[in-house]
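Next up: some structures, all given as structure tokens.
Both of the next two complexes hold chain A, though its partner changes from chain B to chain C.
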Partner chain A sequence: MLKLKQYSITFFIAVGLVGIWVYITSFTSWVNPVIFPPVSKIIDAFVKGFPDLLKGFVSSMGLLVPAIFLSLVLGIGGGLFFGLHQKSREILSPFFHTFSPLPPTLFIPYAIALLPTFKLASIFILFIGAFWPIFLGTIQGIALIDNHYWDNTKTLGIKGKDFIFKVVLPASAPYILSGTGTALILSFIVLMMAEMFGAQSGMGHFVQYYTDFSQYDYVLAGIIFNSIIILAIIVAFEKIKKRILFWMNLKSE
Partner chain B sequence: MKLLKKRKWLMGSFIAASLLALSACGAADNSTGDTKEANHAGQKSGDSKYHIRVGYLKANGAPLADIADYEGFFKKENLDVEFVPFNSSTDGVNALQSNKIDVGLTFGTTTPLAFIAQGADLDIVGGHMEGGHPVYIPKEDIGKYKSFADFKGKTIGVVPLGVPDVVFKSALKKAGVDLEKDVKFVEFKTVANLIDAAGARKVDIAFGNSGFLSKAKSLGLEPFAWSNDVQPGHVCCRAVTRGDISKTDSVAYKKFLKGLIQAERVKQDSPETALKASKERIKLDDKTVNEIVNEKHLVNSADPSKKQVVKLWDEMKQLGYLKDGANVDLNKHFNLKFYEEALNELIKENPDDDYYKKILERYKQQNL
Partner chain C sequence: MVETIELSQKSEKEALQNKIEVKSVHFSYGETEILQDINLEVKEGEFLVLMGPSGSGKSTLLRMLANLSQPKSGQILFDSPLDLAVVFQDYSLFPWLTAEENIVLALKQKLKKTKTKKELQQLAEQYLTLVQLGHAIKKYPGEMSGGMRQRAAIARALSVGSDLVLMDEPFGALDPLTRIQLQDLILQINHDQKRTIVFVTHDVEEAIILADRIVMFSPGPPGKVVDVIEVPFEKPRNRKQLFNSQEFVEFRDYLLGVMNKGVFEKLNQSEEVSSGEGI
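The block that comes next holds the complex of A and B.
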């Protein structure tokens, strides 16, 4: 009941924002109608562009899913290794600090030159964006594991697979999942760059394409579509996160 | 226990979905322009068909290649053309250098020239666009400027290193305007951003590109001059290839240019066919597509126009864009033999048609 009330407020804020847009674009001459198109034009563009947006969703997922999967495998795997091996971490941490803040666009010419197809180059660009938050989140998660866990593990003699899967990963899971959440959001930002070459369709491609032609009704229609997809994915991720971290009794939905 | 099972099921589905998506990466997929069989221009093994991968800039489209495709000129030549879109000319030329595409068709002239100046092994083999770029001013300023000399003291928006940037800056210099002291340039990443800024009156003048006329007009801008008037015959997009083309692959390039030469004629005689052909590629309303393809100042020609390219190269040098390229001999970066062969074949195939003979005369004037 409380949730329903809470979301009804969210809904009214959204309606209010749309109302402000409608008022400014349709009843005043404060803004340029080309850059700020009226809602009717945006809806029209959404309907006309919907088949392309759906096609774009499918091809973007074809890039995002493998990129996120690779980031999870290598980010968590690598993070586990460097989190548990202090010496290796200390030797390589200058590289982590140097490479992690670099914008993925810098890698586009190298990805195009070195990888055999444009699709793999796009996946690689997305991977770079998503990898670092997961990798660094895992290292941080392991570094912050409470000393009691380490002591108890030694006392109980837990080693090997059990040590990783029953102690280290669950204990560092909040940070890994927090990094994964950041990676998901970042990957949608990077999608715009990853679909700048070789792509005939895609969620980022759609927005980028119409931006190049200053067709802002289509740009905004694309942004709305992308926002709906991102919201759905983030909500689903939060549910998964809550289940995995059931022992933390998270309040977020 | 139940929760654990659910978690396992969830994890299993995620891994299965990821593996599926990963395996799909290896498969051919047109949506991302992956090549299907042949990895370079030439003949596919065990097949009589030729294949060529053509890169184009989304904002420019590829009008001549679209017409050739639409009219079946490539099909007639047994040439399979794969179109690969790019947002940035630099990414496109990088893809060309690393053998991911075979021809860069609408990456401008200045970007390939800047790469050549850096020592890239690229050759200009043909042409695609000439002229068509306007200088925009706010409509309330019509009558305020008589010539480029009147731009003194103004703020000018440019997309650096574009053809309009070079042509109009050269015109300013010619008119006696000191580019360092007399005017202030504001640089933009894209033409769309530039037009929007000019529309919002954040710059006094915009050195625009082709294809934005009605958008600019709707923002209260008007063309003050066209690049064709400032520098008649100046080149824009050139067809560029790598320098290391083998003899077997060269047939595909000749066939491609043969298609473009025929398309040029269709474009002149039937603008409506050009519109129909480009509509397949440019997903905008008819009016905008028509403006991008058929605007009267924009000339589509497959001629390499070597003399004009050399002129632009010299202008780029004078503007300080090619400091590192001062020692590069541009003459070594033209490969005109594909165009010559294509044109000679067309003359042979159409002995009674004077059109191709005229095109040959134009070629001699503009290149030799």
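The block that comes next holds the complex of A and C.
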């Protein structure tokens, strides 16, 4: 109830924006009706294009999910190793600093040349984008672990699996998760761009396909669909993040 | 030949007389000398309080006793292989684990795989009940008050079975009433369970209530031991009677005198230095 009230103004602004769109597109001739179609046409396109949009969603997730999974495994695993081994980290960190800021799309030529399918090449490019924020987030998280936790770990003699899973990972989780959030957003950007150029299907491909025919009602339907999906995934991620970091928001009685 | 053998035997015996012996320990941090020529011993079963103003290096010494840092020179000898537990001011527990899980994690390292998870949980519960936290077994540190967290930390220190417990201003962040309750608890533990306790504080009254002996540090850097004082009151001590007695007031003033002497000397020194710089 409180939440609904909190967002009531937001809701009215949204209704207002749609109202302005309706007014301008249906009752004035201020804008080009091809590029800015009326709401009824967009809804129509959304309904008619929905099966294709869903197919695009499934196809995009087929790229995104393996890429994110791979970057989580290698990013956190590698981050743990380099976070805990100062010497190796010092030797390789110039490489990290050189490669991490490069836009993943720079590697497209090699990905296409070396990997057998477009799908694998796309997964590889998405992986490169998502890997660095998770990897560097993990290293940073470990570097910033409070000295008190190290003291306790040492005096209690915590080693092995417990050391990793009960101390290091939970303690660095805030930074790992913030890196993962960055990785998610970045991979959406890369995904849409990659699909708009080479793909045969996908959420980005849908938009690009109808742009070629100047069917802006479908283009807008695609943009709206994509926004909803991305928003839903980000909201779900924030929920998961809050759940993992529950211990940061506890209140004493 | 015979003489040397006798000598080495004698020194072994001497090492066994005390729980810990600190021998001419120095510690510095970069260029700054933090501790200078510290000599002291911790006796089996005693309650030893390290006392001094902040910056006197008493916590640094405790860290060295806990093997969390190493002296620059000198030796710290233990009568048995290092087996101790530490209670810090307010950050001993891992906040992502419940009170019980915190203790089970510590116990698991100690007991390796000799006990089942169920048995470890029972042990944890037993020790949490001992410190009157039986009702908060499943609570996370973030859901507990400062006093409850310190109780849980004490329970963990006891559970791992170390007979030496090092405590670094463990009650410094607590309100007065909770503080008194925990002082009584730790005294009882020292007495009933025969655990040796080394306790850092800068609170004079806390030191008198708890200690068998008080090691006084001068304000640093570098911190030095200025005096080791036996507390002349029988244990168990009745807090109310003690605080009202003339002897207590005199002893407290004496301790404060020892501590303040060092503080005033320090102040004079730094005044000289700063006026020197002014010229």
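Note that the second predicted complex is superposed on the first by the 239 of 253 C-alpha atoms of A that agree within 3 Å, B and C clash if a C-alpha of one lies under 4 Å from a C-alpha of the other, contacts with A are read in each partner's own complex, and residues count from 1 in each chain.
Just so it is clear, a residue touches a chain if its C-beta (ideal position, glycine included) is under 8 Å from a C-beta of that chain, and two chains touch if they have at least 3 such contacts.
What you see is a predicted model; the values in this text were computed from it and never measured.
Engineer: Report clash or fit for the pair chain B and chain C bound to chain A in the combined superposed model.
Structural biologist: Because the two structures are overlaid on the shared chain, the partners are seen to fit without clashing.
Engineer: Examine A:Glu90 and indicate which partner it touches, taking first as chain B and second as chain C; both and neither are also allowed.
Structural biologist: Neither chain B nor chain C is touched by A:Glu90.
Engineer: With the C-alpha centre of chain A at the apex, what angle separates the C-alpha centres of chain B and chain C, reported to the nearest 10°?
Structural biologist: 150
Engineer: So which one touches more of the residues on chain A, chain B or chain C?
Structural biologist: If we count touched residues of chain A for both partners, the winner is B.
Engineer: Which of the two partners, first being chain B and second being chain C, lies in contact with A:Pro170: first, second, both, or neither?
Structural biologist: second
Engineer: Let me test your reading of the model: by the given contact rule, A:Phe69 touches which partner, first (chain B), second (chain C), both or neither?
Structural biologist: Once the two structures are laid over each other on A, A:Phe69 reaches chain B alone.
Engineer: Could you say whether A:Phe213 touches chain B, chain C, both of them, or neither, answering first, second, both or neither?
Structural biologist: first
Engineer: Check whether A:Trp247 is in contact with chain B, with chain C, with both or with neither, and answer first, second, both or neither.
Structural biologist: second
Engineer: Is A:Leu156 contacted by the first partner chain B, the second partner chain C, both or neither?
Structural biologist: second
Engineer: In the superposition on the shared chain, how near does any CA atom of chain B get to one of chain C? Answer in angstrom.
Structural biologist: It is 9 Å, taken between the nearest C-alpha atoms.
Engineer: Considering only the defined contacts, which chain A positions touch chain C in the complex?
Structural biologist: 146, 148-149, 151-152, 154-159, 162, 166-167, 170-171, 173, 247-253
Engineer: Which of the residues in chain B end up touching chain A in this complex?
Structural biologist: 3, 6-7, 10, 14-15, 17-19, 21-22, 24-25, 29-35, 58-59, 84-88, 90-92, 94-95, 97-98, 100, 190-192, 195-196, 199-200, 211-212, 215, 218-219, 283-284, 288
Engineer: Looking at the complex, which residues from chain A come into contact with chain B?
Structural biologist: Interface residues on chain A, with respect to chain B: 32, 34-35, 52, 55, 59, 61-63, 65-66, 68-70, 108-109, 112-114, 117-120, 122-123, 196-202, 208-209, 211-215, 240, 243-244, 246.
Engineer: Quick check on the complex: what are the chain C residues that touch chain A?
Structural biologist: 66-68, 84-86, 88, 91-97, 105-106, 108-110, 140-145, 160
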